[in-house]
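Each of the next two complexes has chain A plus one other chain: chain B in the first, chain C in the second.
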Partner chain A sequence: MSAPQVLLNDPNEYESEKASNSYLMAVVVIMFGLPLPIVNLIASVIFYVANRKAGHFVRWHCTQNLVAQVLTFFANAAGVYWTAGVVFGEREVTNTYIAYIMTLLLFNILEFIAAIYAAVRTRKGKHVSWWFFGPLTEVLVKG
Partner chain B sequence: MAKVLLHFIVLALLFFGVWFLLSRIDFVNIFEIEQLTKDTEEKLSAWVLKEMQRGKPELGSDSVQAFVEDIKQRLCEANGIDESSIFLYILLERDINAFTLPGRNLVLYSGLISYCNSPEELAGVLAHEIAHMEHEHVKKKLLKEVGLSMLTTIAGGDASGEIGRQVMKLLTSTAFDREQENEADLWAVRCLAKAHIDPEHLANFLFRLSREKGSIPRQYELLITHPNSQDRAAEILNLRKRETYEPAPISDPGRWRAMKGLTGSFEERK
Partner chain C sequence: MDQQKVDLFLMTSGKYFEGYQLASIKEKLTKLDDAKLLQLQSVSLRDPIIMLIVSLIGGHFGIDRFVLGEVGLGVAKLLTCGGFGIWTIVDWFLIMGRTREINMQNFQQAMY
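The block that comes next holds the complex of A and B.
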């Protein structure tokens, strides 16, 4: 996590709550939507669209959450596809498969923890920029 | 933007690195996940062969066996397959059938040899069956339709009569799904071309089989389980156009006639 930026440093109470909610929503959806990763993505897109005209602080955090969800979606979708092949198709349970599912689990847990941390920090009006997703959000929001 | 790219590369490396390192751990053994291991497959194969030979004896002709082994060798050598890894069984049975069993066992009924018009047609059928073997279609079919726990039970010699009969029926029917048949045909065409055998003979065999379906249905086991033979023959002719080869005969007509005559005489004695 990098240092807060000036522009994003002083949100009002309403903006802090909105920005925090974008992460909380992701946390809740991860808990229920993991078997169907598209659920997470749809929820993040809806939240992003609903807040695209909000203030800079809210928009920035909705975007950061969305880009994180997009990347997670592809990784999780591959895992779901592979698992479906094992359960319903002819694929076998191999070390590579188990390793992939464990890697997915590890990265999802990291994302989960990061989302909770970001929700708490943004609720207090503090800016949180994730590694990779933060700089990418910077490019997207400026663009 | 450069920072974003750099971060992305590091993140990707981290993800794939963790995946790679974790995949070095033998989870399958740690979690004791049952798999159709080589050992189970061999036991299963031994059980199936024993059951089969109980009802259908081997043809027992060294010259017929040697003739078909020669064709198998030619196909294997041309396609970089270890010829000794495939075990060939010719059973004395008038039905027209050929199939593969777990453990790289290839079974031919004598009725199929009698039905072939040329050694090239026989080579076509062998190539198709070797294709099923190379793509592990039998293993996949068994896992899908019988299930791992049942296969392990059978391999352990604890199969009840009905379960055993069902598995035998499944194995000898050689009914694969359309996708697997197409995959096997494509491979067979390439295999034949590499061995300088015209794949047209396999198409001819399938055409003839589909035309004659109505006359002796009982014997046409191969056709009953391969209902789309005509379409497949047409597709084989299409695929054949992509290959380059110079057809070289498998044997002289005299040897082939003698071999068929010998097979026929064994069948009559039965």
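The block that comes next holds the complex of A and C.
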């Protein structure tokens, strides 16, 4: 555990710019592809693939962003499917539906704010590990 | 190559490369024979800022990738209308780094 931490705390200018871009790109793509949850996931995958040979710091943050996007994608896709059923199908608006959509909205807003915060911090060369996604990324990214 | 010429090259062309590459460029230029100076000056280096502007304006048609010399990716981007817009946005954040990488490749090709 200790060896990657040293690498993560000592990125150079070039690495911190690329790592910051992974979060910044996610923020911009949210604005462009808001109705379609898959757009953000595809963009994160493309960015990850483009940076797969980069340094440990860049790969770590690209992976953290990708892992977060995967979970967000499934949550949002379920929300879109449910909403489509309500609008175009015969499903009814239930308390469960409203609770789910409100939770989803809160989750997306939190993810959006976290992405902006991570973009700013990583640009300064500081390592940002999100709750749940950080330890998961630690397991996925090998030094 | 004498130190003055090396410093002049780094001052004028430093922005075309990543910061961490400058030390190795300086080392290579110092060892370089003066006869290769003309060859070095003919290296095609692209400005990352200009490439970002090209990507913002013509990214949907893959113009940025064509300009960088990546014709295959350019055609793919052109045919998919910039990867249905997604690839275009991702490239806004990748193109500057990619430009610097290609500049370094061109520089190294000119050296050997």
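Everything that follows uses one rule, which is that the second predicted complex is superposed on the first by the 138 of 143 C-alpha atoms of A that agree within 3 Å, B and C clash if a C-alpha of one lies under 4 Å from a C-alpha of the other, contacts with A are read in each partner's own complex, and residues count from 1 in each chain.
What we mean here is this: contacts are C-beta pairs under 8 Å (C-beta built on N, C-alpha and C of every residue); 3 or more make two chains touch, one makes a residue touch a chain.
On a predicted model such as this, the values are computed, not experimentally measured, just so you know.
Asks: Judging by the criteria at the top, classify the pair chain B and chain C on chain A as clash or fit.
Replies: Fit: chain B and chain C sit side by side once superposed on chain A.
Asks: Who does A:13 touch here: chain B (first), chain C (second), both, or neither?
Replies: second
Asks: Tell me which partner A:43 touches in the superposition: chain B (first), chain C (second), both or neither.
Replies: A:43 contacts chain C only, not chain B.
Asks: Could you tell me if A:132 is touching chain B, chain C, both of them or neither one (first, second, both, neither)?
Replies: It touches chain B, and chain C stays clear.
Asks: Here's one for you: vertex at chain A, rays to chain B and chain C, all C-alpha centres; what's the angle to the nearest 10 degrees?
Replies: 130
Asks: Just the number, please: smallest Cα separation between chain B and chain C in the overlaid arrangement, in Å.
Replies: Minimum C-alpha separation, chain B to chain C: 29 Å.
Asks: Once the two structures are superposed, pull the chain A residues common to the chain B and chain C interfaces.
Replies: Correct list for chain A: none, the interfaces share no residue.
Asks: Where on chain A does chain B make contact in their complex?
Replies: 75, 89-90, 92-96, 98-100, 102-103, 106-107, 131-132, 135-136, 139
Asks: For chain C, which residues count as touching chain A in their complex?
Replies: So the residues of chain C in touch with chain A come to 18-20, 83, 85-87, 89-90, 92-94, 97.
Asks: Note which residues of chain A are touching chain C in the complex, please.
Replies: These residues of chain A touch chain C: 12-14, 17-18, 21-22, 24-25, 28-29, 32-33, 39, 42-43, 46-47, 50.
Asks: Which stretch or stretches of chain B touch chain A in the complex?
Replies: Residues of chain B touching chain A: 1, 3-4, 7-8, 10-11, 15, 18-28, 31, 33, 35-36, 140, 143-144.
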